[in-house]
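Sharing a structure below in structure tokens format, with a few things to ask.
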Amino acid sequence: MIEIRNVSKWYGQTQVLNGCNTHVAKGEVVVVCGPSGSGKSTLIKCVNGLEPFAQGTITVDGVSVGDPKTDLPRLRARVGMVFQHFELFPHMSVEQNLALAQVKVLGRSVEEAAARGVALLDRVGLREHAAKFPGQLSGGQQQRVAIARALAMDPICLLFDEPTSALDPEMIGEVLDVMVELARTGMTMMCVTHEMGFARKVARRVVFMDHGEIVEDAPVAQFFDAPASERAKSFLARILRH
Amino acid sequence: MGEFDFSVWQPSLPFIRDGLLFTLRLTLVAMTGGIVIGTLLALARLSPIAPLARIAGAYVDLMRSIPLVLVILWFFLVIPFITGSPVGAETSAIITFTAFEAAFYCEIMRSGIQSVPRGQVNAAFALGLGRAQAMIHVILPQAVRNMLPVLLTQTIVLFQDTSLVYAIGAKDMLKAADVVGKNYNRPVEMIVLSALIYFAICFSLSLAVRQLQKRVAIIR
Amino acid sequence: TDLGGTLKKIRDSGGITLGIRESSYPLSYLDDRQQPVGYHIDVCNRIVDAVKAQLKLPALKVQHQAVTSQNRIPLVSNGTVDLECGSTTNNEARQKQVAFAPTTFVTNVRMAVKKASGIRSLDQLGGKPVATTTGTTSVQLMRAHEKGKGIDFREVYGKDHADAFLMLETDRAVAFVMDDNLLAGLIVSSKSPADYAIVGEVLNVEPIAIMLRRDDPAFKKLVDAAVTGLMKSGELDTLYTRWFLSPIPPKNANLNFPMSETLKALIKAPNDAPAESFNKK
Amino acid sequence: MNYHWNWGIFLEQVKAGDETYLAWLFTGLGWTLAVSLTAWLIALTIGIAVGALRTAPSRLLVLLANAWVELFRNIPLLVQMFLWFFVVPEFLPREWSLWVKQEMPAKEFVTAALCLGFFTSSRVAEQVRAGVGSLPRGQRDASLALGLTLGQAYRHVILPQALRIVIPPLTSEFMNVFKNSSVAFAIGVRGMALIEARTRVPGLIARSG
Amino acid sequence: MIEIRNVSKWYGQTQVLNGCNTHVAKGEVVVVCGPSGSGKSTLIKCVNGLEPFAQGTITVDGVSVGDPKTDLPRLRARVGMVFQHFELFPHMSVEQNLALAQVKVLGRSVEEAAARGVALLDRVGLREHAAKFPGQLSGGQQQRVAIARALAMDPICLLFDEPTSALDPEMIGEVLDVMVELARTGMTMMCVTHEMGFARKVARRVVFMDHGEIVEDAPVAQFFDAPASERAKSFLARILRH
């Protein structure tokens, strides 16, 4: 489904991605982790072309992302993405947030879009909040709306960039629940997250990045029980200790 | 001069009203035109096409660095040399103010657009919206709401600046007051009257927009 | 297009634009309905009649454009204003840029003071604030005058004649140096006309005339003929009496400003000679 | 077109005077600079103080500071100039009023600088308030929590940061002071625009009538 | 040391603190937790008078905080506080951050203040960063500087408001280490935090808040093993599950 081959990227002089290679198969969940600034967000944004990259190729469902001939908006409409800070559109109600791209991009009728929106709000347990504005919801609720918004486009896969790290601890659970449920239904997912519990529960593989490189790319059990590199070991120690 | 005699206010009212209508018309047209053109200029300034951005930038910098009176006068005096036919004072004023205010509204809209978090653009793109769609449905509505107070302040400035049309002999409110003051030899009383009117209008305008802002403000 | 051809321009556009002043009493100013009136306005209207007759355009539209001391010359040059009906001094410098109709008024530059101040002459003004209007050259005339030599004037500027007069009225200045007819007009319409007097040396004698574009012989010929006609027929005398020797708006006050010998001579022998030829010693 | 450009006018002598127009232009420029800089100093001092007061915890102070801003920003500068020059002195006792009107040194300059300064101070205050408001509230809390008084917190922590934020908009306000100083000639300060007007070169004409 | 008696507070119509009672004895560490918006920050800010309160009394070392006659700046100088977002002064270097209040409030000489600053930077392991500006440090380092800044005033007790919740997961450890070390040296501390590991390790009591009320105030072991209220139970469940 997602193939990342030899991708490198520079911001001016500094290299932020260095020959990255990995893939996500259909129906698979892959977790990406690593220290802050290691390039996780950059990598995941390259997958749907939000960030251009200088070298290498990324293909999503057979379509090359870096190819200038690719119709990026169309590709992105098929790849859902959920952000750390939710990025709901604050000037629109929840239902408008869900409907906008369905109507403008997929060309659905307003009624069709509304119906699909309500169904998804139901699925994330927020049906009664349809008319509210994002600012009137808690962080956890906003993130669940953001997931519903991504699902409304009937994506072939989902990208997550630290979906729980801006949340209060008591709300992390409700978002992770939705994500676990998605994984169980066979959704293809690539998640940047430090929620190791989530990784253990649903991920097939963990990709560990540091300084723009993919240092480790291993099945979950192997990553947690016997990380190959020193860097991954000390990272896990720091993150799991407290 | 000693004592003031405010009885002159009463006969001045019809002239003040006519002048005020001119002032309001000019403000309204220049504001609408200025915001529309200013937004387009802002988009040009932020566009990835370098020459376009540079031309828009140069225009804005030029307009912002010359006094408005000069622009008004220049336009009025020089355009006939170029086009070969004179323009009326009112047309001239409308065109000048629109062109001039566009530069200021451009800067406001530009910082408004930039004040929308980068993540919003990403989110719009990630949903498959195109550049124009993201701009129209996601960025601009937020930019305008964020910038509402500044847009208002600029409009108040514009409203006050319309008094500068005295330079080309158009008759706005201040001018009308001025002439009545001369006729009745009560210039000070008339200036006081126009100060009161300006204050009343500008102040209620800012109160009104503060209310409006509360209503349209984005809930965060 | 050839803007120089004023007559052609007027015929093509079906309109003529008169430049007017807002406080040049009683030559050109706004009455209590804010309409332009005055001696020079009337003269201009007669010229417009002549234009109508020559172009056979009885329905010619007449527009008014307010002008100031500063912008009147450019506005005439650039074609915005066809005839400037104000209080412009005809001098050599200006003749390089514009043309003038035959002189229709002669003014003496003098000063207005408050009677109570006791000031009667230029040499009493040392160290005192003296008002004048931006864009005029009165203070230079004071410096140039023999009595003004070596005296330190503190000039203050009003943005137009009415403002400058206000300086005198509110004691910001002890004298206001300006054309005597303007001074007289400002005084009669002031709150207490009896408090003021026009005093002192005549600093300059200045021919005042209607202004038009340069290098436009056809139009100039028409204007000259119209003005000379007014003078010959005695109609100009009537207009003079109406504006200078009768009650005029807005206050229905009478200037009582009899015609000077110089102007009488000019009416007998009309010309558009500049100020410099009047003040030659 | 038949406008007769006459750039040589800059070198001609002022009528019946002893300076050239060019020299005169520089005198005017000097006044423009003097009025603008003085006004800018006044505007900064008052504007920062008033802007800071608008964020103070006292309702009365906020109200007063707001009133100051509303008063000076809602009346056109041209009108304010006139009010300061012709109306304000009338409220002084007779002798003072006469002194102000006739004897006070450089009175147009003083009036223009004060008026432009107050006018601009309302805008500076607006910027400063916005700057203070844009700081995270935690900065105030943190300073107070260390035992700084509110005054010290403003002096050492809040204003230095707020001013850094508002410097870019303030520089454009500074340009406005220069541009607005041209309005000072409404009350007769000799300035550049005036001189330009007198040379009657339309390309240079600014205000005055 | 800290006595909170019957404290209530309103923002306009809404009550955010409702008859709160608790205390912190000298040398004791008390952890405050509870859902978002429950009033934890408000309560802790009442302790050093950053928030005024309408009813009740708070005394710190015998001084009444609510008393209008109390010299609040002087009291605050003796109570250290550490914030969620560090709140270092970004326009000052690290050493200037440490020196400012020592000089302006305690009246120490510049040299004295600098010496004390260096000593404390040493203690939090950041001696070599003295000349840097906050923006040049990682979040964990900034928070350690903020702790040093509070310690520089030789406080009689320390207040913490979620000191680790704005940090990347790998940096949480280094800040908690400093806090644990402080607790071991006998510092009196009142900490709003959701780091339950930290609570178990050093806290004597846990105060659980919900909707402006103190719902539970119990010894650590009892709070974790047998919470008395339903609300605390479900909160613990949500927070400890993932």
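Letters A, B, C, D and E mark the chains as written, and numbering starts fresh at 1 in each.
To be clear about the criterion, contacts are C-beta pairs under 8 Å (C-beta built on N, C-alpha and C of every residue); 3 or more make two chains touch, one makes a residue touch a chain.
None of the values given here were measured: they were computed from a predicted structure.
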Discussion item. By that same contact rule, can you tell me which chains touch subunit B and subunit C alike?
Written reply: D
Worksheet item: Hey, how far is the Cα centre of subunit B from the one of subunit D, in Å?
Response: 21
Fill in: Separation of subunit C from subunit D, taking each centre as the mean of its C-alpha atoms, in whole Å
36
Discussion item. With centres defined as the mean C-alpha position, give me the subunit C-subunit E separation in Å.
Written reply: 81
Worksheet entry | Intercentroid distance (Cα basis), subunit B paired with subunit A, Å | 45
Fill in: Touching two or more other chains - residues of subunit B
1, 73, 77-78, 80-81, 84, 167, 187-188
Worksheet item: Which parts of subunit E, given as residue numbers and ranges, touch two or more other chains?
Response: none
Discussion item. Among all residues of subunit D, which ones touch two or more of the remaining chains?
Written reply: 1, 3, 86, 90, 202, 205, 207, 209
Worksheet entry | Interchain contacts (touch definition) - all pairs | A-B, A-E, B-C, B-D, C-D, D-E
Worksheet entry | Partner subunit D, residues of subunit E touching it in the complex | 45, 48, 50, 72-81, 83-85, 87-91, 100-101, 104-106, 149-150, 153, 159
Item to complete: Note which residues of subunit C are touching subunit B in the complex, please.
Response: 1, 3, 13, 17, 22-23, 30-32, 34, 65-68, 71, 74-75, 78-80, 162-163, 166, 169-170, 189-191, 250
Item to complete: Could you please specify the touching residues of subunit D with respect to subunit E in the complex?
Response: 136, 138-139, 141-149, 152, 156-157, 160-161, 164
Practice prompt. Spell out the part of subunit B that touches subunit A in their complex, as residue ranges.
Written response: 117, 119-120, 122-130, 133, 137-138, 141-142, 145, 218-220
Discussion item. Could you list, by residue number, the parts of subunit E that touch subunit A in their complex?
Written reply: 35-36, 138, 165, 168-173, 176, 194-195, 197-198, 235, 238-239, 241-242
